[in-house]
Each structure stands twice: as structure tokens, then as C-alpha cells.
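Please read through the structure below; I'll follow up with questions.
Just so it is clear, A, B, C and D label the chains in written order, and each chain counts residues from 1 on its own.
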């Protein structure tokens, strides 16, 4: 067991609609419910799902940007959730994050140099000269020029800003980076540039990624293994070849079938699944997918499906694949 | 027979950088029952074109520099506001990218559907109601009569987009303009909406202009495709032709840079560089600074849109070479 | 809807508690010996003792606090020795005067403010817009007591059209009421008109940019429906909240305006209480007016929910 | 082929220069282009100049009594006329400007410090938010001028008491604005990035949150200056401001009120000066709002 990151039973319930004198929550939003997975050294785990499935919350909880309600996050065997604030802050140099919105992720009042340098300053990792040299090195590594260091974020295009965000994440040589929809906000012709850059950096520095996205094509391209989330739960997890060739969970199958392919001769007319995504505030009983599932059985409405492993390295949570 | 015919359209916007052409020399035709896909990235001018057809561009800062938009024998650009209003709804309907904000939050679905009928047709409240229920049923909303009294915030994004479609089609328009209709939706919902649009086209026979940045959506939907870059059309072809034998370097780059579910490539091909800013467009061909096939002439000559093969046009100086590859 | 009302009231409870506490504390903040200040330097120890007793200041603070809340529960805000009346009685006697004046000003405000704000937004960057905004700017910049004085100089002293001050109850003589309240109402309203016009304009501009307005146009709706129905219904939501602020402003404004025009309302009652150091009256009057405003804000909350189905449904 | 493609990519990337525009310079340029901001600035500069140059503009002391010169209407010798005690109104108005601007400035400074402090604490530390905002709400429930009157009545007449009274009234309003902008900024992803980088609360507040929440505060402070000047004059007018014969505009009008039939200039001129000052500040605030924070609504 030498996984770099081990997530076990991670759960987040948000209280919603607080009101009244006693501030009692009026409902519980089960954003993430009992999620477990591992990420190995140098590996990319893709995390896909539609809006409201909790994938972003999972990413934030790994870095304790959101405090989990329950569960464990082990990094190199150490439970991050038990670390005292100071110890956690020191640990943060090894775990970084790249955000979706290239406009909101950079402080508009800081220069590019200050933005990239900030993590180095916080951890007192280098003196001023070294830090500056490091900034220049990072800029050129992500495809920007040294003279860009003195500019402000608003002077750059979306793709260039995303490069700055990547340089900041790399500043302290982290071992693990959460990529939270890093290309979703970019134009199509820019997406590929960033995907390639992330892959190159991974090869060069041996980084491990948790790559969160809703675009199945991008996730498939960059990931070694892929986890599929639906309404706060992982419904299926497998290496990418298996997942895309032989998806087991009906939701995964539907998700893959729903992606419009750039092949006009292979048009299909029938929608893969009907119905809307239920609210996480009031998820369906039993299997959360049963309201939309084409293979629904009576048991699906009653019991939550257990996680089973029909093949080595392939996990699925569906009553079609009972344990044993 | 053409339904809509856009010629030499040029839309200008006054900005602090001076007047810029958001749409430059754009032209196309649409036949009844046809689906025309317009693809492009941000700043390509695809949405501005759609709003120009509807006469919904804010003036100022925008103005029409030149061109014509013929619909049913009249040039929409010459019509007054009053006449244009009779075109919107019964002539051309439109749906937008954000179903969450495109419906008025303080009125019920029923009210918003029925007022459209009330304004364009002389029918009583009962007929309006029946028509609204009929349209909701047609766009696949369960228990339509009950939904009439719902407010938009009570519906999910996919449902709201269905309501938007019902509203756009309630007066039987000849054309539906769909501006990124599924961009804000999840992929399983996107598929449902696209399927619905295809079914409605088959049933009602209207022409559809679908505007999107998603090559997959175009491939699933369109009969013919226009590719736009920085305000200009760079390529135009029937859908199979475009996806199988793209000519323009930009179209090719776009298709190559999409990671598809089927492909097993190690690296994606990319289009280098960034999109040009509208007020600092490159001279000559607007794509030339990012183009791998660039020659010297590209920086001085604006390539005209010209035929490559039967029904296939492109705007590149080297298109014959590229087509022969 | 009933739950919206209940929740607004529940939300106001802590505010009311704090407001009463602050008002109570205000009296105890008076620096130095109050009795000396009130009785004058020449007052004897016995006289000062009597003053302290009258004000209830001779007792320990917690007893004073208990008595204060006990009194509040019985709607007893204390007694003004200066007027020789209960504070509550004195306030209620004056209330109709202030109320009729404020209502008059509010009507002017709503009509002028909303109409000019909407016109300015619809004719953005034209002379209509500029004129309306110039007028609004003057409104928010003009000290209302000065405006009142200027009107007196012009219309009463020079032209002799209207009385310089005083008040005639509406029930006695409606024309007289109009003559006595028109100048005060205008001087009171001008600031509020300016404020409301500016907010209406910016809200309207914001709403006109919204997607659903574009949808309404794309459906081929005529302008009067796009603006009069789709835009206005949404613009009213923020405007309603501003009306709460405006009522609060008009209370402040009335204090000054009533003094300028010698109108015997609650504002003038308070001003004279201040000048006469009639502490129970100041305390009681301040609390009374503030609680009334809290009540108005509850009404605004309810109106807000009534206008906005999202609030009505999600929280109600 | 692969190598040349990479080289081409890099060449193109280097050619795609970001646009050169300094944020601060850009803001100043847009402010300068804003017509009403420029007009407001000019008006305000005139008032400030009058206040600063008071001793040169009017060599006569504002409190010098000249009983032979009572009720002189405005003339070449007495540009603003004289009052019932023969005092030069020019002197009283320009020295009044000094006092008004002094009080306004102090209130703005006190608000900037305490409003930011309370607002930032409430907005950033959720544990403090509830308690701080309840107190805020309670103070804001009182009508502004009325509360100022109450506090001023309790504290007694003096300039420092006036500053204190106005600060008590307006700090909660300022704090509320800072709080809401701090809450918005706290949710920005660059703040999350700083947390992820290991930054502590102090660093996050100082480098990320406060610099980005200042725009609404700046706008509020310029409107606040206007309210402070206006409220101060109102209180003085009611006899609750600085003790006479201090020449505040409110005091001048309060005293001149009884002579408004025979000597209307006594109240006309200081009132006009007050209105112009308030208008100048409103114009400045409008300009700042349009340029710094176009979405901000007018706040009371």
C-alpha cells in the first residue's frame, strides 16, 4: 500500500436554510457521501460527474479548503484531518490546486511575480534572489516570458492566466495537485494547450493529479483511472480503458453515450437516459440513480447498492453486480 | 427555396478602442427544415450574427455597417421596430444559452407562454391556455396543465430550457435560432434537449440555426456548417464533408484539438497562440499568426471565401493545396 | 406568506431588544452629574436629589433596567416633567400631525422619484436623463432645512402666497391643511425624491440588461409590456427595500422640517425636548420612533416576499 | 516534425503579447474622463481652497463685532454682507468651511478605521458575524439624524462630541458595506489559492481580501463625507452643534433665521455653500462608483 493519497469514507453535509432565533438548519445537503479512493504517486485520477454531484467539494476537502463532516484523507500515510492548523499549513506545500475560473483565481491587485512567489514566501523556502529566479524559471516552463512577471492578471487572456495559476501551483514542487475543471472555462483551441502542458509537467516532475471535470473526453485523455460520481457518491471506478470500453454502471453507460461525438455519420437519435438530476437536498432512497435508471429493480428503491469489485481494479456500486 | 438569406452582413460596435467589426462580411442561406450549425470560439461573432437577425442588438453601441437579411421577401434590416415585432415570435423564434436567467423570475410559466400568444394572435384566454398546455406537452413536460402555475425557480435547468423552446415555438415560427442552447446544461440533459430539437424540426418543419462552440453538438445536429473565426466565416460545408475533409487550417486545428472518447492519442494537437482581441485584429488573414501553413502573402491579403469542392467553401489562400492533401 | 410574516417578526426581536437597551444606556451615558446639569450650578443638594429621584437615577442600575422594561411592557415610556404629561400620551397627541405630513411627502416622493427614475433609465444619456439626474443630484445635496427657509423667504415673505408656518388639521380645513403642509412636504420630499430617482434609474438599467428582458423582446412583445411588465415587476423588488430607507429618512427630516415650519409634530416635540434637556421625552420619543420604523421594515420584508416568488416559496 | 511544431508553438506564444495596461493608471484615466467626477473635484477643490486660505481671503476675524455695520447687505466691501452683530459673513462662511471640512474629514477617518475593522472581522470570521451584525442592525434601526441628535444631546455641545456622535451613527453603515464586500471577496478562488498555499488569516486579509474590498468603501466614504457635513449642519442648526459663536454653517443659519425677513443673505449664503459642498462630494462619489464599482447601488 503505497498510495500517495488515500481517501476513506469522505463525507460532507452542508446545513442549508438556517433561520430563526436558534439558527436551526432546515435541511441537510448531502453534497458528498462516503467517498473512498486512492491516488498513486505520479498517477492521474479523473473525477467526472454532472453538476451537483459533489466532485468539486471532494477536491476542496482533500486540501481542507472545506472541512469534511466525516472521513479520512491520508497523505503519505498521515491523516490530514487530524493535523493542527500550523502543521496543516506546513503540509500544504505538497498539495496544490488549480482552479476552473482563470479570472477569479488570480488576485487582480498583485503582479504575476507576486502571485507566483506567494507560496514560496509563505513557506520561507528561498531568499529573495532565489525566489525571483524560481519565478522566471516557472514562467518559462509554463510558456510565458520573463517580462510577463511585472504585469497584472487582467492584461492576460484566459489561457495565459491558467498558465499563471499552474506556475503558482508548481512553485513549491508539490507532489499532488487537484485540478478543478482547469480547462472548462477555456476556448476549445486553448484547452488542448493546457491539457498538454499539464501532461508534460506530470511527466517531468512526477506529479499526481486529481483531475476533476465534466467533459468526459478530456478526462479520458488525461487520466489513468477514472471515478464517476452521481449525487455525492462514486458509482464506478476503473482504469480508463476499462471504464470507457466496458462501463458497468448504467449511469456511466448513459454518461458516455450522451457525449456528442464529432462524427456526423454516427448520429444517434435516442437520448440515453430520461429524467432530471434529483436534488441533493432530497436524494432518492436506495440507489440514488434509480429514478433515471433503465434497469431499475425493486431492490434499487429500497437498499443502497454496496460497492463491489467484479474485476480487479474495477469498482461499481450497483445492484446488478451483487457481492460474491 | 430559401427561408432566410443573409448577405454581406457587417456589424460594428463602438468601444473605447474605436469602432470594431464584430461581424464582418458574413452571409448564408437557410432552407425550410434545414439545420444550419454556426461554430466558433469566443469573439467569433456567432452570437452577434444571431442577435442581428432578430434585431435585438443594443443600438448604440452597435450598428449595422452593411448587408441585408432577407426573410419571406423582406429585408429585416429595413423594417421598423413595429414590423420587426411581428417577425419575432410568429416569424423567427429564439432561445438562449442561460435557461436560468432567460425566464422572468416573477411571472409564472403559464403567464409567460400565454402572453406571447395573446400579443400575436387574437384568441381568447381559454385558447391561449390550451395552446400553452399543448406546447408544454410537446416539449416533453409532464403534467403540463399543472406546470402552468409554476414559477421558473421551481424548475430545473433542463426543464426551463424546454419551457424556453415551447415559448419560442408557440406562434409556429418558420425559423428557430438557438444560441448555445445546451452549453449551460449537463451532458445527459444536453442530449435530451438536442433530441427534442430534432424531433420538433421533423414535426414542425422549421429551419434551425444552431450556434455553438461544441463540434460534437454540430456533428449531431447540423445539415450544413459555418465555421467562424474573429468575425469572419472561414469555412462552409455540408456536415459530413466538413468533418471528414476539413480544408481551412483553423477548422482542422479545432477538430484535432478535441479529445474524443474514441481516440487513443498520447498528445493532443494544438492551435498555438491566443484568440485575437477584436480591436487588434491581425492584418490580412485573421488566423495567420496562429497558422502552420502561413506564407508571406497571408499577412497582406484578406482571403476571400471561395469554392473548394461542390458545396464546400473556404477562406484560405492555400486552400487548393490543402484540399489536395 | 404567513410564515414570511412570522419570520420577519422573529428576526426583529433581537434588534428590538438591542434598540431598547441602547436607548436605556443613552440616558446613563450623560457625562457628569445630570442633576447638576439640569438644576443649574446654583441648585441645592436637595434639589439635585429630587431631580435624580424624578428621573429614577437614585436606584441601582439593574433596578433601573428592570423598571425600564417593566414600563415598556405597559407601554409606559416614563413621564415628562417638563410637559407634565406621560411621554406616550404626548407622543400620541402629536402623531397625526407628523403622520399626515410624512404621508404627503411620501406620495410626492413615490410619484416623482419613480417616474423620473424610469424615464431617465429609458432615455439613458439623453437630455431627459441628464435633467432628471441633475434634479436628483440637487435633491440629495440640498439641506432640507435650508430649502425650507428659502421657500419661506420666497413664497411667504416676498410673495405672501403661503403661511410661514403652523399647522391646520386636515379634518378641520382641508384647504388650510394643504396650505400649511405643502412647503414642508416639498422640503421633506426633495431629498427622498433624489434618492429614489437615482436608485430607480440604476435598478431599471440593471434590469433592462437582464436576459429575461431580451427574451421578452425576442418574443415580439411590444415595448409597453417589455418595460411596464417584465422590467418594472423586477425593478420594484429593490425599490421596495429602498422605501424602508426613505421612511427612515423622512423621520429624521421631519424633526428638522417641523422645527423650521413650526409644525407641532413629534419631531418638534423631540427637538424641544432636547433643547430643554427633557431626558425621558428624548428617550421615549427616540424609542417610539425607532420601534415604529422596525415595524415598517417588517412590512417592507413582507412586501418584498409578496413581489418576489423566489422568496415567497423558498422561505415561506 | 515534432520538434519544429514545438518551436512554432513557442514562437507564437511569445508573439501573443498581453495587453499593456497598468490597472491603477487605467482607473485614474477613466476617473479623469468622467465628467461629473471632474466637476465635483473642481467644486470640492474650491471649497477646500477657501477653507485653507481663510485667513487670506478674509483678514477680519469671523467673531469680530462691528456694531456700526449691522445688517449690511452684500456689497463690494462686504461681499457676503454682515449679520446682526456686524460680523463679516465672508469670514464666517470661509471659517465655517474649515470647521465643516475638519469634522467631515475626522468622521471619514474614524469610519475608515473602525468601519473596516468591524466589517472585515464580521465578514471574514463567521463566528463574530452574528453578534457584530446584530449590534449593527440595532444602531441602524435608529433614523440617522435622530440618533445623532440623541447622542449629541446626551454628550453636550462641542466639536469632538459632534465627531463622536456622527461616528456612532455612521460606523455601522460603513461596516455593513465593508462586510458585504469582504464576504464576496472571501469566496473568490484566489483567496482559496492563498489558503491552499498555506497563508494565515492575517496574510489573507492584508494581501488578498482588504485590497480587493476597498472600492465600495472608497465610494461609501465620499458619500459619508457628504452626510457628515450635512448632518453636522443640521445639528448645529437645531442648536446641538459646536457652541456659538463658533462659525459653523449650521450655527450661522440658526442665528440668522430670526432675521430672514430683513437680512436673507445671512441664511442664503452659508446654505448655498453647504449645498455646493455636499453636491461636490456626491459627484465625487458618483464618479468613483461608476469607475470603481459600477454594480454598486446607492446606499444610504
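Simple rule for what comes next: a residue touches a chain if its C-beta (ideal position, glycine included) is under 8 Å from a C-beta of that chain, and two chains touch if they have at least 3 such contacts.
Keep in mind the model is a prediction, meaning the values are calculated, not measured.
Asks: Quickly list, by label, the chains bordering both chain B and chain D.
Replies: A, C
Asks: When the mean CA coordinate of each chain is compared with the mean CA coordinate of the whole protein, which chain is closest?
Replies: Central chain: D.
Asks: With contacts defined as at the top, give the pair, A-B or A-D, that has more of them.
Replies: A-B
Asks: Between chain A and chain B, what distance separates the C-alpha centroids? Give it in angstrom.
Replies: Comparing mean C-alpha positions, chain B is 32 Å from chain A.
Asks: Find the geometric centre of each of chain A and chain D from their Cα atoms only, then give the gap between the two centres in Å, rounded to an integer.
Replies: For chain A versus chain D, the centre distance works out to 46 Å.
Asks: Let me have the rounded angstrom distance from the C-alpha centre of chain B over to the C-alpha centre of chain C, please.
Replies: Chain B and chain C have C-alpha centres separated by 52 Å.
Asks: Touching at least two other chains at once: which residues of chain C meet that condition?
Replies: If we look for residues of chain C contacting two or more partner chains, we find 14, 314.
Asks: What are the residues of chain A that contact at least two other chains?
Replies: As it turns out, chain A has residues touching two or more other chains at 157, 160, 193.
Asks: Pull out every residue in chain D that's touching 2 or more other chains.
Replies: Expected reply: 9, 13, 16, 19.
Asks: Give every residue of chain B touching chain A within the complex, in rising order.
Replies: On the chain B side, the touching residues are 41-42, 156, 158-159, 186-192, 194-195, 198, 213-220, 222, 239-240, 243, 253-255, 257-263, 265, 267-272, 274-275.
Asks: Flag every residue of chain A that touches chain D in the complex, lowest number first.
Replies: Counting only chain A, the residues touching chain D are 23, 60, 63, 65, 89-90, 92-93, 95-97, 99-101, 104-110, 118-119, 122-123, 143-145, 148, 151-152, 154-157, 160, 165, 168, 172, 193.
Asks: Which residues of chain D touch chain A in the complex?
Replies: Touching chain A: residues 9-10, 13-14, 16, 18-23, 130, 188-190, 192-200, 203, 207-208, 211-212 of chain D.
Asks: Which bits of chain C are touching chain B when the two form their complex?
Replies: Touching chain B from chain C are residues 210-212, 214-222, 225, 229-230, 233-234, 237, 307-310, 313-314.
Asks: Mind listing the chain A positions that touch chain B in their complex?
Replies: Listed in rising order, the residues are 50-51, 157, 159-160, 187-193, 195-196, 199, 214, 216-218, 220-222, 244, 254-265, 267, 269-274, 276-277.
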